[in-house]
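You will see two complexes here that share subunit A, one where it goes with subunit B and one where it goes with subunit C.
Up next, the complex of A and B:
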């Protein structure tokens, strides 16, 4: 299993898109998540959300919901990925990301 | 001829002439001095002439009277800075500067200083106040100006003033992109006692508000006739009267202008009907915007930020959210808050006479709830 620490990407996760500012959700997805999924597979990834200053919902939606929009992962793989999320500091983040994945799956189907 | 032998009449006549000569001389010399002084004064006035902008007694947006005066002051400032080489800002009557009013003022001034770098500023400092109990001197207003960086901005020397704990914790910053590090560091700096949970909640609201500024606030130039293309946002964090205050400000077109362009008409109409509003005023459109969770029909995944901006109210009973945008003002607070007296409505809208030509989002959270 490969663990990705979001705090290694940025202590201050930023906005939704790259053009809005640094450390965006889009940047995290394209630079960190997608290469890791391609290398290790969605089922072998643990994403640790702890250690940052916080997350805007746009960042989370773009980073994780965007995986489904870009068809990088299937809805099943996305739910495995969410199952491997670690957020001890704020467990509600996992539910929130699960909701975004579910919304995106509904929209995509 | 000896002196004592002069006839008395002749002596009187000579004395009289001498007396009148001395009077004439003194008058004449006085005239010359006065004329010279007047000339000098006029010359000085000619080279030191400046347009004066008088700040109101309270730079504040919280009540209608101060709101109007503050907006007028800022409009006057824009007009004078854009048309004159020298501007003097007079704080002779200013006794109070509040968070939202102060941030709007510094944002306006920052924008003008950047757009007109050759304008020279001077200032008449706020009066020294005396506290009502012991009559001690208080430099709070000037200290606020120091803290919000007013003097640095216009290139004047800051005075060494006593430190006021309620003022020295104020921090502000600005940016043109949604940089989380700026917001995060401001929150880290203002109160080291903030728990990790509190910081995360405040950060969430702030980063979404800043993203909204960058994404939506500047679709076109600000309609103030100056033609300045400045797409920055400003943020303030401080403690005032036992409350943590976080403000995010932009000088864009305002929420009432962006709502009809960014959202489908039928959705806005449905919300207006649901809220029993007509949608004719800015404050009503701000109220509607807080319920518009989706940005556009074709981009349903977007528009999560509005939720984050209101979310803070769910966690803290005494928290308040205030949104000023153009002429509108929208206030919201935790609906579960127990009230001793009359029931407080969940949200309140308040239309003002004049437009701030921009948007300020302000959260206040009681410190005792943050440290709990």
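Up next, the complex of A and C:
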């Protein structure tokens, strides 16, 4: 299993899109998540959300919901990925990402 | 057979100074150990109660901190969205939200039977921070969001985890 620490990407996760500011959800998805999924597979990734100074919902939606919109992962793979999310500091983050994945799966089907 | 003679023998044996000394010695130890046992039991009872009181005080302090943080967050969010000239940064909202989650986790750690308000927190975060870097701000354009936010914060405050309870011992 490969663990990705979001805090290694940025302690201050930013806005939704790159053009809105640094450390965006889009940047995290394109630079970190997609390469890792391609290298290790969605089922072998653990994403640790702890250690940052807080998340905006746009970052979370774009980073994780965007995986389904871009068809990087299937809804099943996305569910596995969400199952491997770690957030000791704020468990509501995992629930929120789960909702974005579910919304995007419903929209896509 | 001489029953009277036998009885006298028993009485004599029991009144032997050797046996009474042993019995006295044993009784003293029983009383002493019993006393220590009672003292230990009372000490443990008192210590456990002191710990429960301390935990109760800590939980209440954590609840105060969490509610204070929620209030600060609410004020910041209302100003951020209603006033386009507000100096509050979007990063501050995310940071305030993380602080609310942190204090809520503290309460949960101190009192594991209380349920972490995951659904309430995510609803509040989503309403407060979704597209905060790109949407236009102002009372007119964000009236719906602000109304929804105020309701969700009120719901969050009512979550079981933030309710103070009397000390029951």
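In this text, the second predicted complex is superposed on the first by the 109 of 109 C-alpha atoms of A that agree within 3 Å, B and C clash if a C-alpha of one lies under 4 Å from a C-alpha of the other, contacts with A are read in each partner's own complex, and residues count from 1 in each chain.
Just so we're on the same page, contacts are C-beta pairs under 8 Å (C-beta built on N, C-alpha and C of every residue); 3 or more make two chains touch, one makes a residue touch a chain.
Model, not experiment: these values are computed from the prediction.
Q: With everything superposed onto subunit A, say whether subunit B and subunit C fit together or clash.
A: Overlaying the two structures gives a clash between subunit B and subunit C.
Q: Between subunit B (first) and subunit C (second), which does A:23 come into contact with in this model arrangement: first, second, both, or neither?
A: A:23: touches subunit B, not subunit C.
Q: Would you check which partner chain A:53 touches, where first means subunit B only, second means subunit C only, and both and neither mean what they say?
A: It touches subunit B and subunit C both.
Q: Looking at A:61, would you say it contacts subunit B, subunit C, both, or neither? Reply first, second, both or neither.
A: So A:61 meets both subunit B and subunit C here.
Q: Determine, for the superposed model, which of the two partners subunit B and subunit C contacts more residues of subunit A.
A: Counting contacted residues of subunit A, the larger count belongs to B.
Q: Using the touch definition from the top, say if A:69 reaches subunit B (first), subunit C (second), both or neither.
A: first
Q: Once chain A of both complexes is superposed, is A:90 in touch with subunit B (first), subunit C (second), both, or neither?
A: both
Q: Give one of first, second, both or neither to describe whether A:11 is in contact with subunit B, with subunit C, with both, or with none.
A: It touches subunit B, and subunit C stays clear.
Q: Please work out whether A:107 is in contact with subunit B alone, subunit C alone, both, or neither, and reply first, second, both or neither.
A: In the superposition, A:107 contacts subunit B only.
Q: Does the superposition put A:35 against subunit B (first), subunit C (second), both, or neither?
A: Neither partner.
Q: After superposing on chain A, which of these stretches of subunit C ends up overlapping subunit B: 2-10, 38-46, 74-82 or 110-118?
A: Of the stretches 2-10, 38-46, 74-82 or 110-118 of subunit C, only 74-82 runs into subunit B after superposition.
Q: On subunit A, which stretch or stretches are contacted by subunit B in one complex as well as by subunit C in the other?
A: Of subunit A, residues 12-17, 20-21, 53-58, 61, 89-90 contact subunit B in one complex and subunit C in the other.
Q: Taking the complex as given, what residues does subunit C use to touch subunit A?
A: Within the complex, subunit C touches subunit A at residues 90-91, 93-99, 101-102, 105, 116-119, 121-122, 125-126, 129-134.
Q: Can you list the residues on subunit B that touch subunit A in the complex?
A: Spelled out, the residues of subunit B in touch with subunit A are 175, 177-181, 183-184, 187-188, 196-197, 199-204, 207-208, 210-211, 214-215, 300-302, 304-305, 307-308.
Q: Subunit C touches which residues of subunit A in the complex?
A: Contact set of subunit A toward subunit C: 12-17, 20-21, 52-58, 61, 89-93, 95-96, 99.
Q: Which stretch or stretches of subunit A touch subunit B in the complex?
A: 10-17, 20-24, 53-59, 61-62, 65, 69, 89-90, 100, 103-104, 107
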